[in-house]
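First, the structure itself, so that you have it in front of you.
We just call them A, B, C and D in the order they show up, numbering each chain from 1.
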Amino acid sequence: MKKTTQFRKMLLSKELEFIMEAHNGLSAKIVEEAGFKGIWGSGLSISAALGVRDNNEASWTQVLDVLEFMSDATTIPILLDGDTGYGNFNNMRRLVKKLEQRDVAAVCIEDKLFPKTNSFIGGENQPLADIDEFSGKIKAAKDTQQDPDFSVVARLEAFIAGWGLDEALRRADAYHNAGADAILCHSKKADSSDVDAFMKEWGDRCPVIIVPTKYYSTPTDHFRDLGVSMAIWANHNMRASIKVMQDTTKRIYDDQSLINVEGNVVTVSEVFRIQGADELKEAEKLYLPTTGKKVNNIILA
Amino acid sequence: MKKTTQFRKMLLSKELEFIMEAHNGLSAKIVEEAGFKGIWGSGLSISAALGVRDNNEASWTQVLDVLEFMSDATTIPILLDGDTGYGNFNNMRRLVKKLEQRDVAAVCIEDKLFPKTNSFIGGENQPLADIDEFSGKIKAAKDTQQDPDFSVVARLEAFIAGWGLDEALRRADAYHNAGADAILCHSKKADSSDVDAFMKEWGDRCPVIIVPTKYYSTPTDHFRDLGVSMAIWANHNMRASIKVMQDTTKRIYDDQSLINVEGNVVTVSEVFRIQGADELKEAEKLYLPTTGKKVNNIILA
Amino acid sequence: MKKTTQFRKMLLSKELEFIMEAHNGLSAKIVEEAGFKGIWGSGLSISAALGVRDNNEASWTQVLDVLEFMSDATTIPILLDGDTGYGNFNNMRRLVKKLEQRDVAAVCIEDKLFPKTNSFIGGENQPLADIDEFSGKIKAAKDTQQDPDFSVVARLEAFIAGWGLDEALRRADAYHNAGADAILCHSKKADSSDVDAFMKEWGDRCPVIIVPTKYYSTPTDHFRDLGVSMAIWANHNMRASIKVMQDTTKRIYDDQSLINVEGNVVTVSEVFRIQGADELKEAEKLYLPTTGKKVNNIILA
Amino acid sequence: MKKTTQFRKMLLSKELEFIMEAHNGLSAKIVEEAGFKGIWGSGLSISAALGVRDNNEASWTQVLDVLEFMSDATTIPILLDGDTGYGNFNNMRRLVKKLEQRDVAAVCIEDKLFPKTNSFIGGENQPLADIDEFSGKIKAAKDTQQDPDFSVVARLEAFIAGWGLDEALRRADAYHNAGADAILCHSKKADSSDVDAFMKEWGDRCPVIIVPTKYYSTPTDHFRDLGVSMAIWANHNMRASIKVMQDTTKRIYDDQSLINVEGNVVTVSEVFRIQGADELKEAEKLYLPTTGKKVNNIILA
């Protein structure tokens, strides 16, 4: 099944679905191998992994290059955290075209201004996009996509920016009318009250996605009861990696030895397995001549 | 001090020095923060992180893009694992030029054929490069560098490929004469016997670097006694990341919740710290006008 | 019609077909606007335009980036001059995958060694690829393509390298058996005798493509009579550009004025037309709010 | 002499200096060979050559990749047409850092909003940047540069946008105070009246650069009399290329032959000369073993 169709089915299913963050080809593969049905291409995680800030410091094509490796490495759909679309409606059109080419199933854009700042950094002071301008961006994206199953998700920053339920609903409605396939209702509260309020009023006008990074202690069944369509585990592979790399590096530095680390890392063979070394070995049998080492020298040329 | 000079000083110091693997900007920063004086830009780790095989599946400019993020994120020198130089002497010249531009301090090339295969995959069947051709590549690299402190390291694959000490010494000598600043003596044995034999004969003709991935249980003091110049902890950040991401992803998948993971990952604030969010906040005070939110809308345009 | 299908139809048509060189998005558009049914993505022209040598100095992904702009700018098929496939069969597999993603219709590879040298530079001294190895590369490409209409063309360098008709036929046969959709019979003679000899023996085993750069004075009807399938005008947009830019630049330099140049260049409006400025103007009406300049400030943010 | 210093000397010289447009490595080389002392990296020409619009459709790193080829191919300074800096002050800081790395000598930014539209397309309706915001961007750029001779040029769009001399002067003064090394006074009139008015009031507060694309018929000595520092021939290599490629392609299409084109294009040998084929031939003698063709097979591997 096409990745776009897989993602569309998740959005429309009656179940609460889950997607998990990845930030490069390796983590994307791990997400797929764990059984997840979809991947969140987190802007925070991708920027952090690259070593830059979550403020559009990496260009949109540098992000696209990361996405391409992620998409090539996996068979499940990716929802890209596309920030503000990296400019205006025209930049958004180019983004959609490129994402479809790279077999990325869906993109989420947020109603803020370019260049963006992460929502958890002084979010309450961040100006929102003009509603009509943002709606035009959604419309442009939908008109651009070639594959009818490609999805565009509109992310509400109203709660983050300190506006109330009314503004959130007004915007969600406009974005939905502009063609958004789902609304991502973002909140930075430690409880789910923003989402609770929104879901109660929104009903089932279109699927709603949430990101429980700050309200992680809310039981998942509560989201089921609310009728949420999808939950995103947004940045935990990256945050787990940081912790373990800090610990591993420090341990090796202090010990001047690998001896205490060896048991806590995967084997080199496991790395080769994830990379697909076996497939290449089989392919060499098919496509490389076998007339001995001397010829081999030339063959590998 | 220039990164090239930092690395050169490590090579020439009387101490056994250590450098630690990184595979993206994030891990490079972590290596620097832990206190290491240098970074190993591992070909295996970079390819694995990208989601491809360690067989020159990523192009050399894609590797260079990774290196650029790593170099920009850090102030300590990087030694790039440059495979075979990605082609012949002319490709090597271009590589050196680009590495100097990106402020990468040194490059290591191995005496095998393009496209390469990881040395731990059937290494004994891998043909070696012609000695004269490989020596010409080293010479071309040394003649190309603009900064006299840029270093070129020649990696010996003779032991890996099943040749004995004589071939290793013959090659090391040729590479040294061609201008290599150091010899990386590679081995896949579970003990240090290859390195022991080599060091005994090589003496102090030029600095020797080792990679104790397979013989990790050999005490580090033994390498000191041998007169080894530098040890590379070659892929343990990547291998630790894989393990923790596999565990974290599985746990979240099984729990359908973040609750059991939250305590084992760094905070979002720690991510922001590593990314340098504070510097940007200070810079905004300097460079962004402060005449209120309305103007701010336009300002951020 | 899909670009791959368009190209396949040209290969299989009874007519002698023509494709014309381009080296960037601009020249590709010009080729399409002139009426040509296909584009030759020339390795010589692309490298020259980038400012590097035709010796795989640009990485294969840098070439791919050029191709992507060319493909995005046009609706007719592109046949990429893919050098030697940029490595072994596995690099070729990646290339095919990426070309299909970028909607490039076909790729031509030549039976030489990586890194390549242009065939018109000391071609007679250039070693050829091992037949079995090159055949394996073709087979790997054909097995990789997802779209059945994607085409793989095998370029014969036997005549260039000073081998005779027998070697050319032996190789053509092997490549055809390995799955090549067409044979490109290359020659550097000032007359068509190589092609004449080849066509007489080859018959119609599979379509044959020629590149009459050196034997340009042979009347085109002669190729029709021989039963050639396609002729490539291989580098003339680039060579015409060089001449006119040398002349224009010199004239402006000497005159310290544009006055004598203005009549010999297209207008700025013509540049905008080629770039598609009108479509954007229409799109702005659809997707940008129209509530006045003040809002416009925010909209464009 | 460093490229940055070369450019700085041109800015500060008493003479009227000239720089000429280029849009890829090839045209940049041609500009240098003609005798010009500097290159204009035109945003219009680069976008047109890529096949996209002059509306920030190419990402800033895609533009940077073009610049890198241009810079690598030449020894004279490049002034990049940097649009609006591709975002806010922080994007500008990254741009400056990357330009210095690629040995680009200077950048010009214009006081408009991201994403930009070419000034000759409805320029009078284009909103200008907030003065304080744009001044902050200049200041950020100047504080970022490592090389004291790197130059930042502020481009005035006030005349283009329909504002008068007062607004132009007010902005020029602010930008100069913020640290701009020169003011580029842009105009779309068919005569030099905007520039005349500006120069009369501006005096010699700092160097002034002009772009006489629209007022090309004004004699160059007039600009000397005004005390203009530098004139940019802004897009004529690209516009000449379009014309000649349109003509060449059409001629070949109509003739189904190269016969009438061959005399109007440079030879293949001239292409090789520009690419530097001779240097490589010499280098091969130095760096490639010469023990015969059989070894050669392996050597080129």
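In the analysis below, a residue touches a chain if its C-beta (ideal position, glycine included) is under 8 Å from a C-beta of that chain, and two chains touch if they have at least 3 such contacts.
Small disclaimer: the values here were computed from a predicted structure and weren't measured.
Q: Applying the touch definition from the top, give me the chains sitting in contact with each of chain A and chain D.
A: Where chain A and chain D share a partner, that partner set is B, C.
Q: Over half of the interface residue numbers used by both chain A and chain B, so same, or under half, so different?
A: Comparing the two copies, chain A and chain B contact each other through largely the same residue numbers, since over half are shared.
Q: Where are there more C-beta contacts: C-D or B-D?
A: Here the pair linked by more C-beta pairs in contact is C-D.
Q: Counting only Cα atoms for the centres, state how far chain B is from chain D in Å.
A: 36
Q: Would you mind pulling out the distance in Å between where the CA atoms of chain C average out and where those of chain D do?
A: 28
Q: At least two partner chains per residue is the criterion; list those residues in chain A.
A: 55, 62, 72, 88, 90, 113-115, 280, 297-298, 300-301 - these are the residues of chain A that touch more than one other chain.
Q: Using the touch rule from the top, collect the residues of chain C that touch chain B in their complex.
A: Spelled out, the residues of chain C in touch with chain B are 55-57, 59-62, 86-88, 90-91, 94, 114-115, 297-298, 300-301.
Q: Along chain D, where are the residues that touch chain C in the complex?
A: For chain D paired with chain C, touching residues are 18, 20, 24-31, 33-36, 44, 47-55, 62, 65, 69-70, 72-73, 113-115, 118, 120-121, 125, 127, 212-213, 216-217, 219-220, 233, 235-250, 252-253, 256-259, 261-262, 264-268, 270-272, 274-277, 280-281, 293, 296-297, 300-301.
Q: Going by the contact rule set out above, which residues of chain A touch chain C in the complex?
A: 72, 88-90, 93, 97, 101-103, 113-114, 129-130, 132-133, 136-137, 139-140, 143, 280, 283, 286-289, 291, 295, 298-301
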